[in-house]
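What follows are several structures.
Heads up, the next two complexes both have subunit A, just with different partners, subunit B and then subunit C.
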Partner chain A sequence: MGSDLRLWGQLRADKAGMAGLLVVAAYFLLAVGVWAGMLGQDWSSAGGDRWASPGAEAWFGTNLLGQDIFQRSIYSVRTAFEIGLVVSVLSTLLGAILGAVAGWYGKTWVDGSVLWLAGVLDSIPFYLFVAAVAFALQGKPWAMHVAMVATFWTGTGRLVRAEVMKIKSREFILSARAIGLPDLVILARHVLPNTGHILLIQASIVFVAAIKTEVILSFLGLGVQDGVSWGLMLAESTQEVLAGHFNNFIAASAMLFVLLMGFNQLSDALQDAFDPREAAL
Partner chain B sequence: MNPAVLTVRNLSVQTASGPGQRPAADHVSFELRQGEVLALVGESGCGKTKTAEAIMGLLSPDRWKVTADEIRLEGTELTRLTPREAGRIRGSEISMVFQEPLTALDPVFTCGYQLCSVFRRHRGMGRRESRESSLAMFGRVGFSDPERTFNSYPHQLSGGMRQRVMIAMAMACRPAVLIADEPTTALDVTTQAQVLAQLVELGRAYGTAILLITHDLGVVAQYANRALVMSGGKIVENARVDELFDRPRHPATVTLLSHAAGAVN
Partner chain C sequence: MNFALRKLAHGGLLILGVTLISFSLMVWFGPDQTYSLVGKNASAEQIAEIRKQLGYDQPFIERYVSYLTDLFTLNLGASNSSGEAVSNILKKTIPVTIQLMIPGFILGNLLGIALGLLATYRKGRWIDRLINGFSVTSMSISFLVVIIFLQVFLCTPYGLNLFPVRGWQVTGLSSYLLYVTVPTLSLVFITVGYNTRFYRAVFVEEAGKDHIRTARAFGASPASILWRHVLKNSLVPITTRFMFSIPLIVVSGSLLIESYFGIPGIGKVTFDAITNGDQPVLKAVVGLTAVAFIFIQVLTDMIYKLIDPRIA
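== the complex of A and B ==
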């Protein structure tokens, strides 16, 4: 596909973007390693001394329970990717569908209801909303996912709605009608595919947002219930930092920082590559 | 004289919001006969395109109010069809070629995919069959390498080639009526002639009557049998092409003719 090649060429030329892609790919491999049971399996055993220094035994040292910080930060990559993927895929899907329907039936009660719903969800302070959902779904490990998907789709939804309104008046939609295609088929086959660039960029933005949010929620005790995440490690480190032990804190922060930097660079580069005005320059 | 395949009686198009405004089309009546090329000429803004879109049923009802005593396509009254029935007729019995082929083709799909969707929709063909029919159709409209056209995206083709793709899509099901809305206005002069000749030849071969919308009287003289002159939403003259050029009766026709002559000189 010609335009794919052009996009890839554009992305290749963007050095920061390519560095971001490499970072994300490296993290993804770690996550796959954990999923496959090859890496980070020893994250919960409390065998060693507490607060051991980094060494051959435990590369990043141990925490206050004597758990291996390196193993824990690697296992957390999996947690982060799991949440990032689930939330970005589901919220992008939801945003695409609701946004497309709202845009297609623009200025009708359908559109009004979707906008109203988005407005209501956007107006609730996010952490309050998550706390409410976490309380309502007590003990369910996916309470956090539900809360994020329920609120993160609104941005995508609004963008898709506007784009669909624009596409709707384009001539190829008229010509799809002129060859006799029914409305729903036109919406699914000619309108939604033309919003693909927005969906891809939004998915990458939501992915980052979901990982960040997971860390914050876990830190607050509203997030990951079983397993480990950078947020839980940071929560532990609040007790350690005062005692002068920084390993846990540094490991979790650094892992999170590098992944988010990489992903932001990548999504910036994607945005540039897809922007037709930039491409025309 | 051949029987009429498309009869339009008292077709009016008005904006839904402002009933006080001058209608885009005002009691338009005409007949399109089997196998003929009927030109609909007039300056821009006189209501040609809105008339065509109203016949095709493409005007959105929340923006346009369309009324007609009769729009009859080979015995089917189009004004009384449900959206479902209309969808089955559009693209198979009556179809349309648009002015700007780049914007009328979906940029994210190959031309082949878009032509296939016509065959799938109206002929119930599967993947393989629709692909073969599409390749044959691309060959029919003059592509020397149908395989390559099939796999091309609209932006990879020239304007003339894109319009041929549009023509292939419109003519795929051998419709009784084709409405061509300024099909060559966006093309350069040499390509114009080729594309129009192709269109008229295909219409003749398939027995498709063509309503050719244009503002170019040179095109009318060369390809049309009869011509309707439209001005201010009304049809002001309906004549054989030679009569129209020899003895124009309406001032709007005279103006159009003098402009055409001016362009030549």
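== the complex of A and C ==
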């Protein structure tokens, strides 16, 4: 508890980190607004003129189908949070479980198999892997999520494995073993909670990676299938910019940039707060 | 000797894993080509005949073994969609990708090392903060946004209009520079943030070690400490990062750049092969990437021994 307070104090003192936290919170509120049906609901109606200039009717103008760019970029906040949350939570969980098991049974065949799996997944070029998964899951909207979770856990898994190997030989674990607690209980109650800082930092890094990857996948036609996302807006804009219409491009890249910048600052602040050695520099 | 054998066994297991996963995903669960090969109103026998030709009637393990055999005998076959020999396609496209990616890859790393050294030299000062801010900005911008922006800014009348919008008509040095500049700038911008971060962390860690303090106590100048001690002692992590990003940058990185700019390299060919279910091409690309990865691991180990004799 005391150390939580110390961390929060350290985070509070980090101006860039707090700004990042505010940005992420503001975006999250927008996403909640969209989920609640209050914001961005008009994203798909193609009522207006194509490529209208920004005005009272459509705040950021319209795209090539006459859809309201402002509504679309707000609705995309929800899409981004859905992808980021699902992928970061699941891949962090998977990395925590596999990493903890590998670390606990370090240097045995269990450890070897987890490391082998991680090595194999890291040796397959990522976009090839996603494209293949998307194909194997023909048309399923969550093919992209599956592919990202299947590959993004490896980094977390390796870090958790190393940490668990360190924790394993500490005294409180030795005593837990000495009083005869089963391995699973020790892992779940005493080992994993001590890797919390790694999980938090990794989740924030994966969140950013997932949103960035969605953009590329949507451009390649492998990403968001129904709905709208900044990636789809950017993919649309590749047709528009050559004809001199930049509203879609500017709106989507600005919304994307501010969120990613906020998240990166927050993630940096977390890393500094948890690693005083680096923060002191 | 023992070391080399262990490495080889490790590499063999990795190749087995990569081929098993890619086989399952791309062939077993991949697109069924029966109906694109049989004519209209095919009879049940004709369909069965085609399935037999494609090997679809065989059990999983037999198809996987024959896939491995083809790969190791370099019996790469011909593309399903164009009928061209896969080895021919590779010969045509790999040089294009190498020409396309090499300048950006090298510049991105060199710039990252230079900025990382500068930030370490001025650690905690405004220039360190400036470099850090620049890195975070570069990490927060999507690859696609960079490409679109640079294309509009450098290749269209809305900007400077200096370079061709897309394509790859390279006949000599001047046309090469014309077509390679915009993709190179995009690649450098998108990788320099991550590279700078990584290299700065390596250098800062190295600069905090005892022998650096000793060198400083002996009165060595900061520049010579950075150059002779920090950079030289960081060669192992630098080599690792540099070598291990080669196969991934060449395939994954070129996929987006080549699709966007319509450049006929290995990335575009691979992507088209995935969407068309062109299995002979996929087999070759995935197999060769895996082998290249293992080859690079072994090569990296050899380089380690050259730069650091302590590694056995």
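In the analysis below, the second predicted complex is superposed on the first by the 276 of 281 C-alpha atoms of A that agree within 3 Å, B and C clash if a C-alpha of one lies under 4 Å from a C-alpha of the other, contacts with A are read in each partner's own complex, and residues count from 1 in each chain.
Here, contacts are C-beta pairs under 8 Å (C-beta built on N, C-alpha and C of every residue); 3 or more make two chains touch, one makes a residue touch a chain.
Because the structure is a prediction, the values reported are computed rather than measured.
When subunit B and subunit C are set side by side, the one touching more residues of subunit A is C.
In the superposition on chain A, no contact is made by A:A188 with either subunit B or subunit C.
Shared-chain residue A:F172: touches subunit B; no touch with subunit C.
By the document's definition of touching, of the two partners only subunit C reaches A:L234; subunit B does not.
Touch criterion not met for A:L22: it reaches neither subunit B nor subunit C. Look at A:Q265: by the touch rule set out above, it reaches subunit C but stays clear of subunit B. Contacts of A:F135 after superposition: subunit C is touched, whereas subunit B is not reached. By the touch criterion stated above, A:G196 is placed in contact with subunit B alone, subunit C being left untouched. Of the two partner chains placed by the overlay, neither subunit B nor subunit C lies in contact with A:A13.
Remark: subunit B residues 53, 56, 58, 83-84, 86-92, 95-96, 98, 100, 103-109, 117-118, 121-122, 153, 155-156, 166, 169-170 touch subunit A in the complex.
Taken in their complex, subunit A has these residues touching subunit C: 116-117, 119-121, 123-129, 131-133, 135-136, 208, 212, 215-216, 219-221, 231, 234-235, 237-238, 241-242, 244, 246, 249, 253, 256-257, 260-261, 263-265, 268, 278, 281.
Those residues of subunit C whose C-beta lies close enough to touch subunit A in the complex are 13-14, 17-18, 21-22, 25-26, 29-31, 123-124, 136-137, 139-145, 148-149, 151-152, 156, 158, 165, 204, 247-248, 251-252, 255-256, 259-260, 270-271, 274-275, 277, 285-286, 289-290, 293.
Of all residues in subunit A, only 1-3, 170-172, 174-183, 189-190, 193-194, 196 touch subunit B in the complex they form.
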